[in-house]
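First comes the structure, then the notes that go with it.
Labels run A, B, C and D following the written order; every chain starts at residue 1.
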Amino acid sequence: MSETATPAKTDQKRAINRLKSMYPLRNIVQQDYIDTLKASSEGKPTVWSMLNYWEGDLPLKAMGLNIVYPENYATLLAASGAAEPFLDASDSDGFPTHMCGYGRSTIGYSYRMMKEHGGKIPPDAPLGGMAKPALLLGSGIICDARFKWFQSLARYFDAPEWCLEMPMMATYEGSEPELEDYQVKFLVKELKDFISFLEKLFKQKMDWAKLEELIDLAVKIHETTSNISEARKAIPGPMHATDFWSSMPPSLFFAGDMKVALKCYQDMLAEVQERVKNKESGINYPERYRLIFAELPPWHSLKFFDKLAEMGWNFVFESFGYHNPKPPDLSKYSDPCEKLARLSRNFMFNVFPEAKAEGIQNPIVETYLKIARGFKADGFFMHPLISCRAASCSLRTVQHWEQEKLDIPSLWVEGDIIDKRVFNPQEVLARAEAFEQTMDHYRKVRKSKGLDW
Amino acid sequence: MSACYLGIDIGAAASKAVVIDSQKRIIGGGVIPSGTNYVTTAAAVKAEALEQAGLQPADITFSAATGIGGRNAGADSYHGVIICDARGVNLTFPGARTIIDIGGQGSQVITMDENGRVINFNVSEICATGSARLLHVVARILQISIDEIGPLSLRATKPSSFSTSCTVFLETEVITRISQGDSPEDILAGIHRSIADKISGMSRGVTLEKDFATIGGGALDIGLVQAIDEKLGVKSLVPGNPRLMAALGAAVIASEH
Amino acid sequence: MENATPALFFAGIDIGSTMSKAVVVDAQGTMRGYVVGPTGAEHRRRANKVMEDVLRTAGITLDQVAYIISTGYGRVNVPFADKQVTELTCHAKGVASLFPEVRTAIDIGGQDAKVLKIKNGRLTDFLTNDKCAAGTGRFLEVAAETLGLGLNEMGRISLQSDTPVKINSLCTIFAQQEIISRLSEGQPLTDILAGVYIAVTTRVVKLARQIKVEPPVVFTGGVAKNSGMVKAMEVVLGIPVLIPQEPLITGALGAAILARDEAFKLVQDGHYKSEKKQLSEAYIEFTEKNERKM
Amino acid sequence: MVTATTKGLSRAHEIYANRGRRMRELRKSGKKIIGYICLYPPVEIITAMGMVPFRIFGDMSEPITAADRVSTTVVCPFLRSIIDLGIKGKFDFLDGAVGAHTCDIGMTTIIAWRDYIKDAPFTHLIDVPHTDHAPAVDYFEGQINFFKKHIEELAGEKLDQDKLKQACQLHNKQRKLVRELYDLRKSDPPKLTSMENLEVMVSLFSLPVEEGNELLEEVIKDVKERSIKSSQKKARLMVWGPVFDNTSLYELIESSGADVVVDDTCVGTRAFWADVKAPYDLHALAQRYLVDIKCPRTYRDTQHQETERDYDKDLDSRFSYIKKAVTDWHVNGVILQSVKYCDTHGYEVPNLRHYLDTLGIPSIYIEHDYSERSLAPIKTRVEAFVETLG
């Protein structure tokens, strides 16, 4: 008992059994920053883009533009422990401190670049930093505040901004089948305007053939990654959440060369399937509990998951917002913009039929119910963020329905994606043993109710 | 001689120790301020408990520690406060199924089964006011002693209302009330209510079943206990020394080794 | 001296959240006496008390006081005051009277922190932090409570540290826990204390940067007496700060000087006599009421 | 049909104090009451269907307790308050609740409503695009059309074009009257206090449009007859920010030696400045709500399709309406207020303050947690701000 409660510090064995196939994928995004920087030193433009669920990524890549993702860069800032001076700079420029950690990092980065270093990259920026943007590609998808903070960057840069549109998916109304074509029509119009703007801005034509090719690659990548997710349902869980977080950029925003990425994901799928065959776990300790992580991870404290792994806590799935669903069949459409529109729109609409069947109002709840069933979860690790409305506001409801419908308890741990100053690992560890008893209890309850885990 | 077990709880404010015999009877206990050096504090509180029990350190068969500084207590094992609370209360009130622990740092609501194993729990959030330390702050502002708070608050005629949930805001609000001429009685009763509100808010996702036990430093404040009972519509049990429960629970866990 | 025509004096009373201060100045604005004491629960009695005390220390009687301005949290509870002015304006005035060239004033009180931009002795812009205890004197008090130390003691000890421990928590309650776990990790007390001061100052300086810190910077408030705090402030700001001899009373001093300015305006308008009469009556009536209460 | 015993401002005061009363009367008389959250559900359609639109507000004096079980504490306390009141059964007079994706939390409020609030069986959620791009306006028109269909099902009858036209004109009339009322605050001192004004505004959100117009006409008549005495106040202020449905903030400001003469909030000008234009069809509604309402929740792409962005030009095209109000109402200071955790307004603050600086207008930013007493600590700052203006 006491061993599980206080993991021996002397234990040298890596607690998490990392996938070999994860490393090349992690390198892709890091290489991307280096290449982009090099390109900009050769006078090539750099685009700052927000996570846009592919409708923006692919046109930009088809035109051979170099893209960086400040949201992703913020996670690197946090992971390398370099975030604070950037957060403080944002606060000093008058932005409220309860704002998104990604936003505060990027605003702070831009402030320091333009106001403190005369347009040069701050010396303490990891991976060489992000070059000045030639275009700010904003988006309000899954979070309204996002386009607002890209809009605010106009304080520092004279780069033009474009805000991508996406119908709100998280509603019954939005999911009405009769609305699909009208939503797609809207997206197609937007995409055509966007692409013609790109052509005007960068004085080059869109390579439509290339775009088609990339859309096909995107579909293949997403097929592979959703197969990986499927394979992860095995017991013991073959792939730990931290491996997913390190390897997601090439599928989340298609970082790097998509052909290379596809190959890497195919390797990853093979390795995961191999593990499933051999009943090899994602942690180097017996899998005592299967946990789901919701929603965005504490990028500054990922090591913290080793401690939990040592206690036999296997994080078998995580962050639904970072996972692409199985891609739709696009073969019957000819217009690349329409293909793209349907690929992006697919991100969350596919949840609804089930949600309706179950009488659930909130698609995020439904998504997590599906995940919990599929992965036979013992518990949820809820990580509400002090600085993020979008990823936090539904967690209470998720907690409620997981408990209500599946008797799966939640461990509630407040924190932040970037600002480690509000996260207290000691606290969590002090509660871990009690939560194990809670998970034990509800295992019994589920069995008594005829659930099979 | 028969086996003896030691439980130590090094909290943020106070440190407690309990010695039980093989029949799980309390034969010694102690409470001292935590101070800054947990190693020496642990030794001191342990000595106090042993002395009361008339035992030597060597007589202890197994020891367990809990609390924020428990890892420094040099015990044989360490356990989180929540499960220790559960075991301690389970021994004291076998009928209890819900625990409300109002500590100096934060509060927790715990539900457990008949064996004192945790069923579910919730701890106060970053910004919540459900902790007893607010009362210390208020006592300081009102220039009264902690022990006066409870009795005083029971004399309230129209409890002040507080609408904010942040400890600091609430502090400022207390001062505003004072300058508006609210009586200390009413202010304290108002604070008790706002803490009780927070506690009931914390019961989210946890199905509360009786009997209820209120423990922790806050349970020494009858006014607060009453406010919580009213809010939850229950009559909660309060142990003779509510602060000892976690240490007692640790001792019980130790006795199972 | 009762039948000698009384000299004119002016008073400022600052009823803060934890401390009450009173200052008397003469027609030249020179300080003739001041008192400082805990505020406590009953502001009205407190205001009454500090007024009596400051008159005693200044060796004058109330009817020699032409005009009184109250400021601070409890300013509404000084019934014998002729006027109420916010502590922000009063601080600016008080600081400027001591350091005429001041451009930025940083005041850390028990409940809040203020940053004042001052130009030619006038308040031009300001920011306050009353949302979060971190960055106020309360943070230090909590730390002191936690460690069982006196505030000054804490400051002295912290000076011995060259390698402050990083206190990450933004929330006071959590900082307390953090301090404890640092201790249990065996970090030296001196470094932890130094870390505490850095943590508080960083919060305040971040606030200050929002309205751009311009030297000279004056640092006031109870904690400005604290050596550890002052060191931290200069480290974080990167420039030296000026500290009044009595950093606690700048608000009351400013109020007293504003009282003089107001009174002179009244004198010019010829209202002065009646003002003074009302003032004395209000005061007497009030003290009687209080006697009965007790 | 008006059952009012009092008239004008005193009636407004009554309604402000008890918003549900008139709604319950109407419901007894067989009217359907449709509650809506924020400014984006088109009330014209509700009115045209013979139903009564009722703007759902929170309650700053009611501590949020019940909502803790269903929402995290780090979201908009105004919307948390609405959920809290709903769970506590305070909206039992509603037949329906309509929300719009004005922001993420605005959307989840309706979702939570469906899960946790018994009252108002009919709920509908309108998607509002993030931008004012032309395709977005068309898309929003489609959303309004979808809402229309849904509410037609509830009414069991189709929406009549003429009825919609009449409804648009009725609401436009109300907007015109509100602007007239605001004109009466251009004088020094203003003929109407900001508290009185807010009580009238809140009343308009708590009455059928015809009764609201009647009330406005009474109020305007009374107020016009008032005689102006010279002002003792030092400052003429504008209040900016998200929903503020409670007189407490205005009392706080006006008791600090300033007059609040105009506002840019959605319980004031934002709600009434823009009219629906002919031909009063769904497209006109889409234009009015998505493009003409000036709420920071929409990305107003002022330099759309331009390959270079000019910050100051951008600010001017986004905020020039504020400049106009500042001039027309002789404003010499602006109070930016926001409810905690409001991202869309929060990101606006540094930019708007910068813009006001360039106009030489002093400003101050205050943040509250939508509870009356969380305003107390703000008082000193407001007073000091007024002192710097004096």
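Going forward, contacts are C-beta pairs under 8 Å (C-beta built on N, C-alpha and C of every residue); 3 or more make two chains touch, one makes a residue touch a chain.
It should be emphasised that the depicted structure is a prediction, and the values quoted were computed from it without experimental measurement.
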Any chain in contact with chain B as well as chain C: A, D
Both-way neighbours, i.e. chains that touch chain B and touch chain A: C, D
Which of A-C and B-D has more C-beta contact pairs: B-D
Relative to chain B, chain with the most remote C-alpha centre: D
Cα-centroid distance, chain A relative to chain C, in whole angstrom: 49
Interchain centroid distance [CA atoms averaged], chain C/chain D, Å: 40
Rounded Å distance, chain A centre to chain D centre (Cα mean): 35
Where chain B touches two or more other chains, by residue: 68, 71, 125-127, 166, 169, 172, 176, 204-205
Junction residues of chain A - those touching two or more other chains: 93-94, 386, 396, 400, 422, 426-427
Residue numbers of chain C (touch at least two other chains): 73, 130-131, 171, 174, 177, 181
Chain-level touch network, classified as line, ring, star, complete or other: complete
Contact set on chain A toward chain B in their complex: 1-2, 5-6, 386, 396, 399-400, 403, 409-410, 412, 414, 422, 426-427, 429-435, 437-438, 440-441
Complex contact set, residues of chain B against chain C: 12, 33-38, 68-69, 71-72, 105-106, 126-127, 131, 133, 141-143, 166-169, 171-172, 175-176, 178-179, 184
Footprint of chain D on chain B - complex, ascending: 125, 127-128, 161-166, 169, 172-173, 176, 194, 197, 200-202, 204-205
List of chain C residues in touch with chain D within their complex: 73, 85-89, 112, 122-126, 128, 130-131
Chain D to chain A touching residues, read off their complex: 69-72, 74-76, 101, 103-105, 107-108, 111-112, 114-115, 124-131, 133-136, 138-139, 142-143, 146, 150, 296-297, 299, 301, 303, 305-311, 314, 338, 340-341, 343-344, 346-351, 353-354, 365, 367
